[in-house]
Each structure stands twice: as C-alpha cells, then as structure tokens.
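The next part holds the structures, each set out as structure tokens.
Each of the two complexes below includes subunit A, the first together with subunit B, the second together with subunit C.
Then we have the complex of A and B:
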C-alpha cells in the first residue's frame, strides 16, 4: 500500500480509487461470498443431491405420466389429509423421483401444527420413508440465509454480501484496464502477476453470468430489502391477494360451502394442462377444500423452457372439473421480477444448460477464491519481516485456508454424515448439519494451529481423500455402488460418484501445486509504474 | 445437437480471436501474423460467435437462446484459454524450461 508514494501526484485517479474499493469490498465479506457462491453452485444440482441423500427411494429411470400420478396422489391426500383447506403436490419430473406434497391441517387448534408434508411414491401413491435429511436443500438454503440464526438476519447478511459483490464487479471492471488486450493472457510462474491473470480470466470469461447472478440474487429478496414501495401501494387484503396472484400459482382457500362434493378427475385437469404445455411440463397441482362443493384446483405450468418464474396456471372448479380461468400472463413489473428470478434459479434449463450454469458458477467461486488468495500474495511481498506478519495478514491468511479448503472438507463431511449417522438417530437431519459446522470449525482450528502452507496442503489433501472415498462409502453403506448404478442406468448415483472423483482430482492437483510452490525472492521494484489517469496505479 | 454445434462454433470462434491477438501470435508463432491474416481471423472468429448466437436464438428464442449463448461463450473462452496455457507449458517443458 505504500508503493510509489513519491512518484504519485496529489490527485488520485479513478482507476486507483476503484482498485482500492475492489480490494476491500472483495475482502471484507469475501469468505461469506465464497461460501455463498460454492453452496449456490452445487444447488444447481440440489434435486440430484437430495436423491443421492435419500438412497432408500428407488432410482427413477423413466418419468411416469404426471396426469396419472396426480390422480393417484390426490386420492391418497384425500385419505392422509381429509378436509384439508389446501393441499399442493409437486409432480415428478426427470430430476425428482418422488412426489412432494404439503397440506394445511383441517381444524388445527392454536398451538397445533397447521401444516403437514410428505414424500409419496409415484407408482403406488403411498408415503415413502427415508432417512431424515434436508438433502440438497441445506446447501440451497444456506447460500442465501445461512444457519443458526433467524432467517431474516441471514438474508440480510446475504443481501449485504451480494451488494458488496456487485460493487466489487463494477469496480473490478473499471480497474481492469486491459479487458480485451489481456483477454487470453496468462503469465505462468510470475507469482502475483499469475494470480492476477487467473483472477481476471475467471472474472472476464463469466462476467455476464457473475453480474447477472449477483444482481438477480438481490432481486429475489427485494421485497425484504426494499419493502417501502409495496407497503405504500398494497394496503387492503384484496390488494394483497392480487399481488400474491401475480407472484405465485398457489390459489388461496376461500370459505367452504359445507356441502359435500367429490373432487372431479384431477387426471383430466392435468391432461388439459399437458395439451397446452406438454406432457412433462406440468409442475404443480394445488387444491382448496377438496371434497367440498366450493373446491378449486389449480394446475400450474412447469419451469422448463421458459425464462420466467411468473405463475401460469389453469383454474378449475373442483366438483365438476370445469375450466374456470386460464392464467397465462402477469403485469410488466411482475414479469420483470419473474424473468430475473428465473435467471437466478435456472430451473428452466435442460441438462446441458444446467451444466453450463454449474461450470460458470464454479468459475465465479474460483474468482472469489483467487481474489482472496491474491490479497495475501500481494501483501506477503511487502511484509517487513515475512516470518512475523502483522495480525491482519495472519487473520486473512487463516480465514482463507478454512474458508476455501476447509469449506470443501466440511461440505464433503456433510455427505459422509448422511451415510454414517444411524438412520434411527433422533433429529438426524439437524445432526448432518451440525456435522458440517463442527468439521468446518475444526478446519479453522487446524488452520490456526498449523503453519499456513502445511495447513493448505493438508486440508486440500483431506478434501481430495474424502471426495475420492465417498463413492466407496456409498458402495459399502447402500446397495447402490457405482458399477450397479452404471449398469442400471441410474444417472444420479453414477453421476454423483463420477463427480466426486473429478472434484477429488481437482483438489489433489491443487494440493500438489501448493506443495511444490516455492515463493520467489522479492523482485527489485521499479521506481515508477505506468501512469494511469494522471496518477500511478498501485496494486495493493 | 444444436448445443454441440453452438459450442463448437464458440470454441473455434474464440480460438480464432485468440490467435488474432498480438501477444498470442508472439507466444505461439514467435512473430506477428500479417495484417490480412489477423483481420481474417478476427472476422472469422466474430462470425462464428454470431453463428452460435443465431443457432441458439433460432432454436429457443431470444430469452433462453441468450442464456445458453452466454454459457457456451464463457465455457468456450475458458477452454481456449486453458488450451493456450497448456500448449505453451508443454512447449516450455519440451525445451527444458
């Protein structure tokens, strides 16, 4: 930070200011951002992760006809949740091997649980039981609301971090003076310069994605961060209901008539939706007061193939199956929100696009990671005594180890806990999560106690070993080893094993590189750097 | 198939654009290519990227097409960059560098 002081004119250039801003907004919440990015990245496969974490549910090789399944589960819900004011079921698709449903409990007294939920077998309609786990939803929820704190606090922290990220992206673009000239530049073995080139490449190649995902992340929670417009405009219950209708396909239960009338064929209703949107593009069926003459049923369009989360659904009279309304559009403001929301979640993706989302998001994670490491690399060269760095340097260095390598260890440990914890353990789903945090805390302790380089290498090797052995653990603890999955065409389990080995290879390569790295002696400094905007660009 | 075609177009497009850059020409060939060759590479690279965009938009419309194009370009550019780094490293190792 003290370089070139003598040569610098009094005025500070815009790029220099942006460089400083970029360094500090990138650092202050960098570990939070790294964790948000990585857990968000794996969430693009959260449904597959959830399948892997519930090995009791059989693999779904072919998607059953959603119309038949809808009728089957609706019948079952009539038994499981009789008289429910509202139930809703998510139909099976290529990524979900069971039907998830939730319902409001009829006549729940104050203090009683007002909701029920369950997973159902699409083939039989019966409730399926599996080990207690949050599955891939843990990483998904963690990436925007964290854990062990009120949800609202977590979302605020995520929002502040995302805003920092947005500032870091804009200031980074301004700072990076040679985006096009240096587009394919990588200077190997040049220490800080190599880190900068890697950071730039990871940032620039995925820049449209990184900017989009950060901005749309803020939009998904905009009603929390900026509620004032909504509060000013939406005042009555009717207006609130109108707003809900613009944002969601859940029809709200009105008052029952008290007159019994069986629910008409749900299969026929879903067939009508299939004619409109395609056989496998019906997402959800919601019914209110099923079994009452005032019943209503909404059949919502799936997310596939359209870049919008705005609700589209057919509304039926429950007792007759008569089509009452076709909801296929929302207002311009709601549609803008729907498009931005959809861009963030990427649920419209086919499998290739999902992989593109995953890989570019992984590059975004690496962008944050290289930025954090670069903060250390830059400053190490300027330390008066590298053997005795100042406290700030040591804090960042240790947090980097636990925040980057330690997170890989902890996330893999979460998956190990899923296979190792007894199925009968009370509060099992939460213990998987506790396991994740306990291991993460231990990596921080390890990072503090060990010399930095050794801590990096040991944690990277540990992550590589845990990842490489996870398919072995899976083979030992479930009847679905890799060779069986491959033979049975079970792409979720086979893909998970293959992915673990690929990620193990990546961590092993990083461990080897770190192990072999020998810091070069400090180069002689040039007296004056290239002038920028009338000032001198400092790199620190 | 459209995905594959678009990806190959992005890959070749960025490869051409990379070779059209002065630094990469010096790294790869030890000299600058003649100006007409550079201009052709640049035009060909841009045309390949536009071709990929056209394919995807014609297939899926502007919304989804642009999203897919963004993914293919990011991945294509990353792989070209990786290939250049790998190629130069192999050459340096072969020379004992």
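Then we have the complex of A and C:
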C-alpha cells in the first residue's frame, strides 16, 4: 500500500505549505473579501453618506436636545404605529440629522409585514420628506449580507469569506519570515518585487487591525455561525431572556394588560439618562406596548465614552415613569463580546479615530487588492506563451479588473444614481441599488472585451472622472454646492466633495502608473531549477 | 479506471485535506463551543465564551491541516483534539 505522503515532495517546509495555503485561500474568495473590505471601509462614514444622499434634509449645525426630540418622536409613533408591541428610536447626534425608528406592527397577521420603519424630522416629528434612498446603509448592509439573496445566505457567505481571511492572515504571517525587516524594504519599479513589498507593507502595517477586524466581524454574527452551544444550553424562555439581556438593550414585549394607560413623559425618562451619561450620550429609546398599562420603556446609553456595545440602559414603567431597574453591567464573556463588537463598528470614535479607522481599513482593502494583483503578476512571468494565457489566468485577470477598478466605478455610479434618478420614480431606493449592480456588470463585460491593460487603465480613469465630477453634479442638482457648504460650515457636504476629489486623485494616480507600466521581459531562466534548502522552489 | 485511480492518488490527499479543513475544522470548532459549557460559569457566559473561541479553534485547525506532513496526520490531529472536547461536551449535549 502506498504511504500517505501526498503530492508534496518530502522536505517541503512549513513555510511553503503556508505560502500555498495563503495563495489559494486568498484567491478563492479574494474578490468577495475586497468588496466586503471596501464597502465596509466607507461604512465608517455611513451616517455622513446617508446625510449626503438625502440632500433635502438641512445640515444639522447643532444637535437638538435629545430629551425633547425623544418625546416628540414618541408622540408621533403613537399616531404612526398605534398599539405597537415594540418600537425603538435612535436619537439624533452629531452625525445624524434625522431620527430613525422602527416598530412592530400591531396585530400583524402571519405573512403580513410585521415591521415598519421610518426617518423622522427631529424638529417637527413628522416623517422626513426626502428622496427614496437606502443611503449609506446600502454599503453597510452589502458588506455583510450582499444583495439579491436571502439575508441569511449573504451572512453565511460573508462568514465563510471572513473565515478564509482569518486563515489567510495566519498563513500569511507564517509565510513571511522576515516580517519586520521586510516592512522597511521597498523596491520601487521592480515588477513583482514591488507588488510583493507593497502587499507586505500594507499587511504588516495594519496587521493588528486586519486581524482584529476579521475576528470581530465573525463575532458580530457568531450566534448565526456557532449556534450549537446556545442550542444545547438555552432551553427555556427564562434562559433565553437571560442570554438576550446580556447582549441587547432592546427590551422584549411581554403580554399587554389590555388596559389603556397613556405613556408617561418620555422626556423625563431621557433626562434621567442624560444625568447619568451626559446630554448627548443617550443612544436609543425602546418602548413595549406603549399606551397599555403594562408598557415598559428602556433608555439606552449612547456609543460614546466607552469601547463596548454591551447593553447599558435604564428601565422604566411606561404608565408611571417610575425607574424599575438600572442595567449597567453584564458578565465577563458578554462584556468581552461587547468590546469586540464595538471595536468592529468603531462607533465610539471621535472624528480623528474615525479617520484613522477609515485609513487603516483602506490599507486593508489595498492589502487584499495587491494580493489579488500579485497572483497574476507572479504567474504571468511563468506563462509558456504570454500572448495566450490559459483560461484560469484569464479569468482571474478579468475578475481582478472588474472586482477592483470596476467596484470603484460601480460605487460611484450608485452616488450618481442618487442625484440623477427622478425623485418621483417608483421604488426609487431599489433602483439606485439596481444601478450599482448594472454598472458593476458592465465593468465586467468591459474587462472581458478589452485587452487587460487597457481595461485597467480605462476603468481607473472612468472611476477618477466619475469621482471628480460628482461634486459638480451635486452643485447642479442640489442647492448645496461646495462653496456654499464651506461658507455655511456644512462639514458633511463639504467633506464629501473634498473626499471625492481626493479619491479621484488616487484613482488617476493609479491609472497613470498602470498606463506607464512596462512589463519586464521574462528573465532568462536556467532550464533546471536549483533546489533551495532541499525544497523544490515552485513559486516565483 | 486507471486514469480515475491516478487522479485519486494525485488529488485524493489534497481533497481529503480540504475536507478536513472546511468540515473537520468547523466540526471541531462547534464541538469546542459546546464543550465550553463545561466551564465553571453561568450558562449565558459559557455560551458566549464558546462562540467567541470557536473561530480561533477553526482557524487553528485549518492551519494544522495544511501544516502537517500528510492528510492522515491532519485528520488524526483533529481527532486527538476532539476526544477531550467530546468528553467535556457529552454531559450537556
């Protein structure tokens, strides 16, 4: 019987195995990871993007008093969602100029839509009148559940991709023996070497962040990915309640009494929370069975001031406004989870930390991107006939173009669609999203039809042009052009315009470099490769 | 038939390793997350500890599977770790 010695020649080291693992794990879901990384990166400015995509809502120069706003929206919800078993509203803060609320619909029959949601004007309490759009939430949701598929499928795909990423990170570190010396090595204009150095520098520089963001990403959805312990241990309703209380400040509706009793002053409840956590650090108000004698209200702490998302909230009796309980701590494991969760979302950040998050995350995106490009660059030198690469090579090459340059084009097109689609269009919010995917599909078609280098350059230039002209489009289609935003101190709109130009510059620089790039002629190789350290050197 | 056998000899161990990494690794992680219930802490905390640790176990298992010399050793290693976890998980399952 043959011994189980695999296809690997004896003596191939650990590093070579890890290098292969890194290459293939990285390649297989590389495009998915790139898209997750880039859309996740821009999601650090999700609230700002949402503001930009609803230009009808005026800039919020000062945050209104959350206590007053809470009362106003609670009153409105009494009209919009009467008898709702549970509603919850997110109070406005420095990054939000509207109040998002969702509610369970009272007495929804099975199969009926059981939830409603809306954005409300903090000043008037009415539903905001702005164009239909998902805003920055589209990129945010896409980065962990994609689109055009059941949410659970998308989340599983994202989980598998994140697990691949984790393996790629660990195997990448093992592969890389001189991890810190190489960080200071950069060989410009040396083809594959430069790509390798760029990939290494981006990876090592952000290594703690990349490892953290991948692991914490898995943690955010761990109840879906690892349900087994929960299934084995949590069997009764009381146990379920205990677990939920460790994770979330959303109080769950019990049974209504059937006796009507108006909700006590929500403003007073929020005032008590403000005394505890600060005027602008109250996150959300959740009420169950508002209007019933059994109503309860939870006022939760905001995200500022601590790096944890573990639930902290005040619980009130709805009909009297009496403070029932102060929930200020959870168990050690739940607190650990809260910290990991908060590290992923970065909502605790002030603006400096937020920009740092954005930049390091962008470096992570570039790490995945350079890794994908390197796969091609490495293999191009070894092609028997560079004019006629094999099918696998061509597939990867084209997917790289559409997956990297094409995604920039498609994401910018999404923002263009936000300004160009008629406000009266039916199902408008979805058409913005369809626009994103149509444009992305077109970039793939373009990448297949054009010679690879031309396709790269053309798509990079297209992305640069779309980004550079977006502020112009904004100036033409809204009354909030750049000079006006600057003068009015509108940081969101002015910042968005400036960001578009910076990213346009980045894409233009990449286009110019790609255009100038001359692939080196294949280095003459010895017919028989010399073994290195007893191993057969199979790669580059 | 011979070509299929040849294919099997050539790629069998690799396919076996991939299965060990993808499914064996997940099974080990799932088992570890249940075994965590044996830890001396309240049920919700143990559940969360198991869930959080599971991904590290999974990643470690995948690295192990591709680091060792043969597919057989890869599976053997997973089983060796699984045995004590199974003992810990047994009473609660």
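Convention: the second predicted complex is superposed on the first by the 509 of 540 C-alpha atoms of A that agree within 3 Å, B and C clash if a C-alpha of one lies under 4 Å from a C-alpha of the other, contacts with A are read in each partner's own complex, and residues count from 1 in each chain.
Simple rule for what comes next: a residue touches a chain if its C-beta (ideal position, glycine included) is under 8 Å from a C-beta of that chain, and two chains touch if they have at least 3 such contacts.
What you see is a predicted model; the values in this text were computed from it and never measured.
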Exercise for the section: Using the superposition on subunit A, decide if subunit B and subunit C clash or fit. Expected result: fit
Exercise for the section: For A:209, select first, second, both or neither according to whether it touches subunit B, subunit C, the two together, or no partner. Expected result: first
Problem - Partner chain(s) touched by A:307 [first = subunit B, second = subunit C, both, neither] - result: first
Fill in the blank from the handout: Note, angle between subunit B and subunit C viewed from the Cα centre of subunit A, nearest 10 degrees, works out at 90
Handout entry: Of subunit B and subunit C, the chain that contacts the larger number of subunit A residues
Key = C
Completion exercise
After superposing the two complexes, the shortest C-alpha distance between subunit B and subunit C, in Å, is 18
Completion exercise
The shared contact residues of subunit A with subunit B and subunit C are none
Completion exercise
Within the complex, subunit A is touched by subunit B residues 3, 17-18, 21, 23-24, 60, 63-64, 67-68, 70-72, 74-75, 77-78, 80-81, 84-85, 88-89, 92
Completion exercise
Listed in rising order, subunit A residues that touch subunit B in their complex are 181, 183-186, 188, 201, 205-206, 208-209, 212, 305-308, 339, 343, 348, 352-353, 356-357, 359-360, 363
Problem - Residues of subunit A touching subunit C in the complex - result: 2-8, 14, 17-18, 20-21, 163, 166-167, 170-171, 174, 215, 218-219, 222-223, 225-226, 228-230, 232-234, 239, 242-243, 246, 331-334, 336-337, 340
Practice task
Can you check the complex and tell me which residues of subunit C touch subunit A?
Solution key: 9-11, 13-14, 17, 29-30, 33-34, 36-37, 41-52, 54-56, 58-59, 62-63, 66-67, 69-72, 89, 92-93
